[in-house]
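Can you read through this structure? Questions will come right after.
Going in written order, the chains are labelled A, B and C, and every chain counts its residues from 1.
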Amino acid sequence: MLALDLLANGLIYGCFYALMAVGLAMIFGVLKIVNFAHGEFFMIGAYTYVLVSLKLGVSPWIALPGAALAGALLGWLVERLLMRPLYAGYASWGFMKDEYAVVVTFGLSLLLINLVDKTVGPYSFRGEPLIDVSRFALGPVMLTGQKAIAAVVAVLLMVVLALFIKRSVWGKQIQAVAQNRLGASLAGIDATRTTSLIFVISGMLAALSGALLAPLVNPSPDIGAFPAVKSYVIVVLGGMGSMWGAMLAALILGVSEAFFSVYVSYDYRDAFGLIILVLVLLLRPQGLFGEKGRTV
Amino acid sequence: MSLLTIEGLLRRFGGVAAVDDVSFELREGEILGLIGPNGSGKTTVLNMLSGFLPPHAGKVLMRGEDITGLPPDRLAQRGVLRMFQMTRVFARMSAFDNLLAAGMARGLSEAESGKRAQALVEELTLEPVQYLDAGQLSGGQRKLLEFGMCFIEPPLVAMLDEPFAAVHPVMREVMAQFIRSRHAQGFTFLLVSHDMPIIVDLCQRAVCMNAGRVIAAGDIHSVLKNHDVIEAYLGESQQGEGEPPSLEVHR
Amino acid sequence: MKPTANLWQHRLRFDMRAALVICGLIALVPLFVTGPYALGIILVSVYFAILALAWNLLAGYTGQFSLAPAAFAMIGGYTTALLDFYWKVPLALGIPAAVVVAALFGLFLGKLVLNLSGPYLSLTTLAFAEIARVVIGNSHEFTRGDQGMHVATLMQSRVGYYYVFLAALVAVLVFLYWLLKGRLGRFMMAVRDDPVGAESRGIDVVRTKMIAFCVSCAICGLAGSLYGTFSQLVSPELGLLQQTGLVLSMVVIGGTSSLSGAILGAILVYLGSEWLRGFGDIQIIVFALLVILFARYVPGGLWGLIAARLQGRKP
């Protein structure tokens, strides 16, 4: 049945989107900035996965953490080198905080895309799938092994993340800093280190998302662009800064995109997310789950 | 003579009335203190009077004209100006240009603004820093600059929101002096503050709020001796202890 | 050091004089450079200079960080192209029409993002730009999609076109100077620095923003239209995010909030990128890096450094 198939595929893609978007939501929750280079973490993850598993000949299950590591490292570097000025108290700026973040992350995005383009270039090989099962039927729905397993991994990762945030000490620190940076640091939490952790997690998750999808598409330097745009849509839909909102919004987007592409227009399916973005920002800027705020 | 008449202001947040049926009067040429403990709704009232928050009910009349719900820029054009608790200057323009911008925003020509700005710079002792970017000024200098921006074109009402918060005593006195001098020229002020000595010093009348409502209004001394007002601040009854305490602090 | 050098009217005047000098130098170039390829490169850099000025007005002076300048160039170009293709509208009308249409879309976008700021604003303008590009690129029957459309041309002479672009640059420059030296210039900067404070002092923030959007987008439309007639082709590539990224880089490196900075940045970045092409196509990498470095360490851009030196004040 087509609708069920669309629903299943939509949910699966939704899981990938969620993995990708949740890190972005965290960054916004803490720093109130949008990371315009987020798509490139995805791309780096995909490339690392493919290169590691093909060039080093290791099992894809080892290449996966390799991609995670690359993403984590990149996230750490970005925070350390580029984001510190935003809250390390640098005074006489030519920019305000928002402008700086836009310009710097935009520049970073261009840099990474073209750096990869010149060094590695588009890859004609897809990564090794995690499972060597091509197609199977799950009830009335047709799936590929890679998609299924990737979805499971994605869900597991998000469960782990949720537990981490809710239960661990670091997770609680993240929550504290997200709510009130000054208050948290007064309470003894190292806000800078927490922010670093958030970037590391964000980079790692986006990279993993890229790695999980690598077996499905040929990696090219700009594959991060579409997932990034979808992440922006999701983060806004879910309420900028709300992780749970982002996860739910991701699933909603995945499913509605699947139905839209079949029932309305395949060509404009990418514009669909953008139109949603514009509508949400206009009508309900706090997203589905965010909180309204105008401070004077 | 009544300059501002506030009638029955109401503002809800969620299900709670942060400002509930607030009415008072601001008379021409006076300095009126708006006091009350934290969370009593003073800032919300100020936000409504300055156009940043539309009231859910009630009216604000200026010399009889209904100005309820007008946006901040239109209110400013009519002479209703507001200063914020957090100093707001245009950081990337020179201090002098800040004054020019404020003057031109109120309808003055650049030349006229320039003349008045020069006079204000002298009065506020900002000469040494007038050409620096406003963001480079010290906190106290910025506060003074704000005063200048407010008065470059005489306002009908100047509403000051906790202007003395986190300001050191010397600067506090300079600001108070500025307010006194302008008041002597006939200007009207609405002053929201926690600083009781200053309130007593500057204000002739006061309105006290608690939990969103007006609990006392009138001459400053009698308001501060008012039983309800004291209770609101201290949170407990002081009855039966001889001389009723007063919130006035004698310097 | 002249203390009044930091006064807005002095800064602007100095800036404008420098910008006119740069334009004068550009005017003299064809006396020394005659190769059509080289001329073409400088011509395109002037195209970018116009875009940079337009974006700088919106973002550098008014603080609205739009990510849509390239999209508006595309909209302008396609307006002229479509009018020419379907109704044989002569360029004398087609180019002004591009300006008007871009201005209208600019007003629309401005209205859209009126209550937004920071990342919300940037994201919405990004979405707008991408939607415009995808719609144009996918409307095969109407706009021939990715293939692009043919456009009539003003003249065959490349040198002639060179001066057409230069004339447009000077015209835009003079217009912006007139706009900025009056009340509007200060109001825009007030909106940039503190919209709430600006509003509380009597500045009509809505009107100021709308004017900034309208003018900025109109100028982008003009540039795009002219470019279309020059290359005799418009395609959705005009509106690629990469192009916006280039414009951003130019202004960041050249110096935000200055006219000369925008022009300088555009010319240096574009010439530099062409020069770097000889070294193996690494130009975007270099400039992306420069953008990051400049944003991080030299917020005033090149112009900030130069002007400070020349005026004897701190950058």
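Quick note on the criterion: a contact is a pair of C-beta atoms (placed from the backbone, for glycine too) under 8 Å apart; a residue touches a chain by one contact, two chains touch by 3 or more.
Keep in mind the model is a prediction, meaning the values are calculated, not measured.
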Clusters that remain linked by touching, subunit B excluded: one piece
Remotest chain, subunit B as reference, centres from CA atoms: A
Chain nearest the overall C-alpha centroid of the shown protein atoms: C
Top chain pair, ranked by number of contacting C-beta pairs: A-C
Centre-to-centre distance between subunit B and subunit A (centres being mean Cα positions), rounded to whole Å: 47
Centre-to-centre distance between subunit C and subunit A (centres being mean Cα positions), rounded to whole Å: 32
Between subunit B and subunit C, centroid-to-centroid distance (C-alpha), Å: 43
Multi-chain contact sites of subunit B, meaning residues that touch two or more partners: 52, 84, 133
Numbers and ranges of subunit C residues touching at least 2 other chains: 196, 257
Residues of subunit A engaged with two or more neighbouring chains: 296
Of all residues in subunit A, those that touch subunit C in their complex: 28, 32-34, 36, 82, 85, 93-104, 106-111, 113-115, 118, 225, 229, 232, 236, 240, 267-268, 270-271, 274-275, 277-278, 281-282, 285, 296
Residue ranges of subunit B in contact with subunit C within the complex: 50, 52, 71-73, 76-77, 81-82, 84, 88-94, 96-97, 100-102, 104-107, 110, 131-133, 149-150
Subunit C residues within the subunit A interface of the complex: 59, 63, 65, 67, 112, 115-120, 122-124, 126-128, 130-131, 134-135, 138, 196, 241-242, 245, 248-249, 252, 256-257, 280-282, 284-285, 287-289, 291-292, 295-296, 298-301, 304
Footprint of subunit B on subunit C - complex, ascending: 3-8, 182-183, 186-187, 189-190, 192-194, 196-205, 257
